[in-house]
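Look for subunit A in each of the two complexes below; its partner is subunit B in the first and subunit C in the second.
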Partner chain A sequence: MKVARLDGLVRHLILAGFSASIALPLLWVLRVSLTDKLTAYRLPPEIGQIGLHNFVEVLTQYDFTRWFGNSVFVAVLATAISLPAAAMMAYATARYRTGGWPLMMMVLSSQMIPPIVLVLPMFLVFTTLMPVPGIIAITIAHVAINLPFMAWIMISFFDEDTRSLEEAARCDGATRWQAFTRVTIPVAMPGIIAAGLLGFILSWNEFLYALILGNHSSQTLAVGLASLETHAGVNIAPLAAATLLALAPVLILLPFLQKYLIKGLSLGALK
Partner chain B sequence: MAHVTTMERENRRFGWLLTAPGLVLLAAVVLFPIVWAGITSFFNYSLIFPGYDDFAGLGNYAKAADDGEFLHSAWITLLFVVAVVGIQFVAGFVVALMLNDARRGKTVYYLILLCPLLINPVVVGLMWRMILHPTLGIVNWLLGTVGIEPVNWLGAPDMAFWTVVLVDIWHQVSFMVVLLLAGLSALPAEPYEAARVDGATPFQRFWHITLPMMKPVIVVTLLIRMIFAIKTYDIIYIMTRGGPGVATDLISYFIYRRAFVSLDLGEACAMAAMLLIVIAGLTAVLWRSMRQVQD
Partner chain C sequence: MASIQLNSVSRIYGQGASAVHAVKGIDLQIEDGEFMIFLGPSGCGKSTTLRMIAGLEPVSQGDLLIDGQRVNDVDPAERDLAIVFQNYALYPHMSVRQNMAFGLKLRGTPGPEIESRIAGVAETLGIRPLLDRKPSQLSGGQRQRVALGRALVREPRAFLLDEPLSNLDAKLRSVMRTELIKLHRKLGTTMIHVTHDQVEAMTMGTRICIMRGGEIVQVGKPQDVYRDPADTFVAGFLATPPMNLIPARIEAAGEGLAVIAPGLSVPVPEAYRAAYAPYTGREVILGIRPEDLFETPEGAAPAAIDCSIETVEALGPETILNVKLGQGGSELAARLPAEGDWEVARQIRLFADSLRMHLFDPETTRKIAR
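Presenting the complex of A and B:
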């Protein structure tokens, strides 16, 4: 009994230490974002003037809202283009074994390709096609990350669950397309939405394509924040506020995604 | 019999119809760029003299294989991947084992550790630059309060490499925890009960039961993390730009510089092609191990 209690104590010490090392840096950024510019630098830390002024400054005096808008545009459009195609592809692979293993292997490999490999030829193609590549080029590039990822994780959503329902619908005279759209999709909807949200986050967090294929007016949040660092020097209070605002949408999605996160991270290998 | 074949043919046709839009998109945004990069890698193509009239054959590949900076970058990348994946695996496994048996507080710990995984790498880099600033950062001040000299986290070559490793560990260690924990919680209970009856120590149980049963999950987790670690670009761009000197010049960042600073697209494409071959090899191994997990 005594051993068990000691065991539990050590366990929670390790877990608490680990959690603290994950959480403290984030809490420190939160603290910096809430204080005033000068206090942000003072060591030992002082309380200073607590408030939301850094957030107001970021939203009014920087291009933050434009970056945010660009990120939303790119992530939503790239996901909207990819999701239907990915869902149909995943369904065909799961139900009709279309393309067999070569197709599945292709989908898996596509998402493993380093962005630096694809961005070089994309840069050449887009600079030939348009005088200044921009937000459309970034969106198209993001389809290259989104589509294979979403198709891959959705394959397992369609695996077996709905087969008998589809067969019942087919017996009642529904076409294959009707069985897919009216029976399978509604049942698989939570998974499809989760795949879409994970794809949205991939695109939201993407940096390299947005950096190289973008121009000044098409800067996404990641690119904008990276430039803020150089422009604002070490003006850390607004920078902290800006980074937290960039995290907000993703952290809000976290509770909805928790259930699907393992599938997303393990590329469908684990549930 | 004839009816079945018609049905089968219809099925096949329908499957390809559904797959077509995705295939067209993949061909446009993945296959086409790869082929284009492959073609470019055989030409002396620079952004100063763009054009496909100076055929180089395998010249760019030979140049790359002979390029000390490229080989150095490949070496640094290998060190980075081994360090990052190794430390993340050990730390992640310990935490996953602890969490798996924890009765209280599991959800709280779990939610905290999920946070870094969703954070934009650019934000991670900016955040840590702020925290690790040599004179204005909180970490050096804290070290000072216990009498440790300020550390030049990103200024000295050796230190900068380990700082980048540390930041990547902070960002991605939870990936290991989440996946290994998923694997652990799916293990059957019977072997453990049998071992307890036989009087096995906790270490014996771990070594002879947990580890062998977890092997497929471990392999998949390590491979995925390895492939993603090789691609690391963002935190390098934000934190060190490959420096000081070339101390943190990981391969993705090196190819980026070769293309957009040295403007030598042909050679950059040849290097990208070599990188792609390595990734393809690892992906093939991953493919096989994923099938084992599912069986």
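Presenting the complex of A and C:
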């Protein structure tokens, strides 16, 4: 009995350690966002005078709403374009071995190459195609990053189980497309939603392409937040407030989509 | 209702030297209203053949005809056949009612007719209380019924059953076996049932098609195939325990012939003498069914067999004895009445009815005609 209690205690201590390592930076940011620059740097940490002045400053004195709008535009559009395409690509790869292993390797290698390697070629391509690359260029770049990533996640969703469901549908009188849209897609939906969510977060947080391909008017949140680090110093308190505001959509979405994320990511792995 | 004809049908995976011939040019005629069983071990090509009939696998060579019409290139949706899969393949996001209505809706059946058909089939299969449940809320047996219901409600030209009973427990399997037989009798629709279970094959089908290595070994009524197996594979595959197959020789014995093996001498009945005479002095394989061994002399030409008991399997209504022939001979299984007092290692004398023996050519493994 004692051993079991000790075992439980050790487990909880380990879990508490991990939780703290994730939660502490966020709590630190929250503290900084509610205080002022001077208090923010004080050690040992102090709470100081708490207020929402940093949030007000971010929303009134910076282009925060534009950054936010740009991020929403890019992330939503990139996800909306890449998700159906990735679903069909994953389906074709899983069901018909389209492209064989060379395509699979290409998909995988696109995730292994450091983004910095692709930035310059992509910049050259976009400056050739359009006079000033902007938000559309960032969106297209995000589609290019997201599509193979989402497809790779979704391949396992179109496994043997969905194959026999599809065959049943085809014998029931469905065409290949009807079987795909009315049976395979609904069955794989938790996984597709999970892939979409991960793709959205990837696009929302993406910095490098948004920085290189964007201009002043097309700055996304990640680039905008970085601009708060000026040569005159880091504007730490408004930066913390802006960071929390930037996290808000993901934090709001996550509880709603958590069930899909867990169900979706375990799809294909569990029977 | 449909008749199905396979003319030199093959299914080949891959190309060139690495090509795998899963089905090798089979010919088969399945009559309208027949209950055909495809029986064979794993990898024999029975499921592939069924899937070719369903249209889920392309026919690599040969012709597949349904009601005399070549359907090689016809989409599964247009063949109007219903298939019940081993894993049932119920649409998990739909209720039982929606699962059953799916095929009818795709065919544009009017709503009231869909409802009345579902109600009728649900009544027949006893699944009416399950209509609003999702497949995940059903037991294995209930899922099996729903899968069957989904096929029935469409009133297809033929039913294709791909090992639908193999995931059920023994008791439920027996119940469903009987229900399928009754259903076939009631509907009279062509049914093709794929199984590796010999009991299903023997009890359900009007004919059995036994396959091995992508080829058809024998087609016939269950009892005909059982009584007259085409080769040692069929003889050894059907029934549990299977036919005893003993390496032997045919020797001249006085004026007649005898099948000789270590510890065994079975005189060839006069009726078979002419057929077996060309094999005199040659190796053969003697086949004796376990139920053709008796404690007392039976039949017109009984042959005594001295042996010792190796194991005793008391099954209740009968006992299976595994015995060993004398002089280092083969082991045999004998199906005997339960009443006997059997002890391991005891020497006993059994009698084989030599009129019921089978001889096979060891080179071709085919049965020697008599």
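Heads up, the rule we're going with is that the second predicted complex is superposed on the first by the 211 of 271 C-alpha atoms of A that agree within 3 Å, B and C clash if a C-alpha of one lies under 4 Å from a C-alpha of the other, contacts with A are read in each partner's own complex, and residues count from 1 in each chain.
Operating definition for what follows: a contact is a pair of C-beta atoms (placed from the backbone, for glycine too) under 8 Å apart; a residue touches a chain by one contact, two chains touch by 3 or more.
This structure is a prediction, so every number in the text was calculated from the model and none was measured.
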Answer with first, second, both or neither: which of subunit B and subunit C does A:Pro186 touch in the superposed model? second
I'd like to know which partner A:Leu43 touches here: subunit B for first, subunit C for second, both or neither. first
Contacts of A:Ala168 with subunit B and subunit C, given as first, second, both or neither: second
Can you tell me whether subunit B or subunit C touches more residues on subunit A? B
Under the stated touch criterion, which partner chain does A:Gln178 make contact with: subunit B (first), subunit C (second), both, or neither? second
First, second, both or neither for A:Phe207, with subunit B first and subunit C second: first
In the overlaid three-chain picture, which partner chain does A:Leu245 touch, first (subunit B) or second (subunit C), both, or neither? neither
Once the structures are superposed on A, label A:Ala151 by its partner contacts, choosing first (subunit B), second (subunit C), both or neither. first
Contacts for A:Ala195 in the overlay, against subunit B (first) and subunit C (second): which applies, first, second, both or neither? neither
In the complex with subunit C, residue positions of subunit A that touch it: 161, 164-165, 167-175, 178, 182-183, 186-187, 189
Provide the residue numbers of subunit B that touch subunit A in the complex, in ascending order. 10-12, 14-16, 18-19, 21-23, 25-26, 29-30, 32-34, 36-37, 40, 50, 91, 94-95, 98-99, 101-103, 105, 108-109, 111-123, 126-131, 133, 136, 138, 141, 170, 174-175, 178-179, 182-183, 186, 217, 220-221, 224, 227, 230-231, 233-234, 237-238, 251-252, 255-256, 259-260, 265, 268-269, 272-273, 275-276, 279-280, 282-283, 286-287, 290, 293-294
Give the list of subunit A residues in touch with subunit B in this complex. 8, 11-12, 14-15, 18-19, 21-23, 25-26, 28-29, 32, 41, 43-45, 81-82, 84-86, 88-89, 91-93, 95-99, 103, 105-110, 112-118, 120-125, 140-141, 143-144, 147-148, 151, 176-177, 180, 201, 204-205, 207-208, 211-212, 221-222, 225-226, 229, 234, 236, 239-240, 243, 246-247, 250-251, 253-254, 258, 261-262, 265-271
Subunit C residues touching subunit A - in the complex, by the definition given at the top: 54-56, 75-77, 79, 81-83, 85, 87, 89-93, 102-103, 106-107, 150, 154, 160
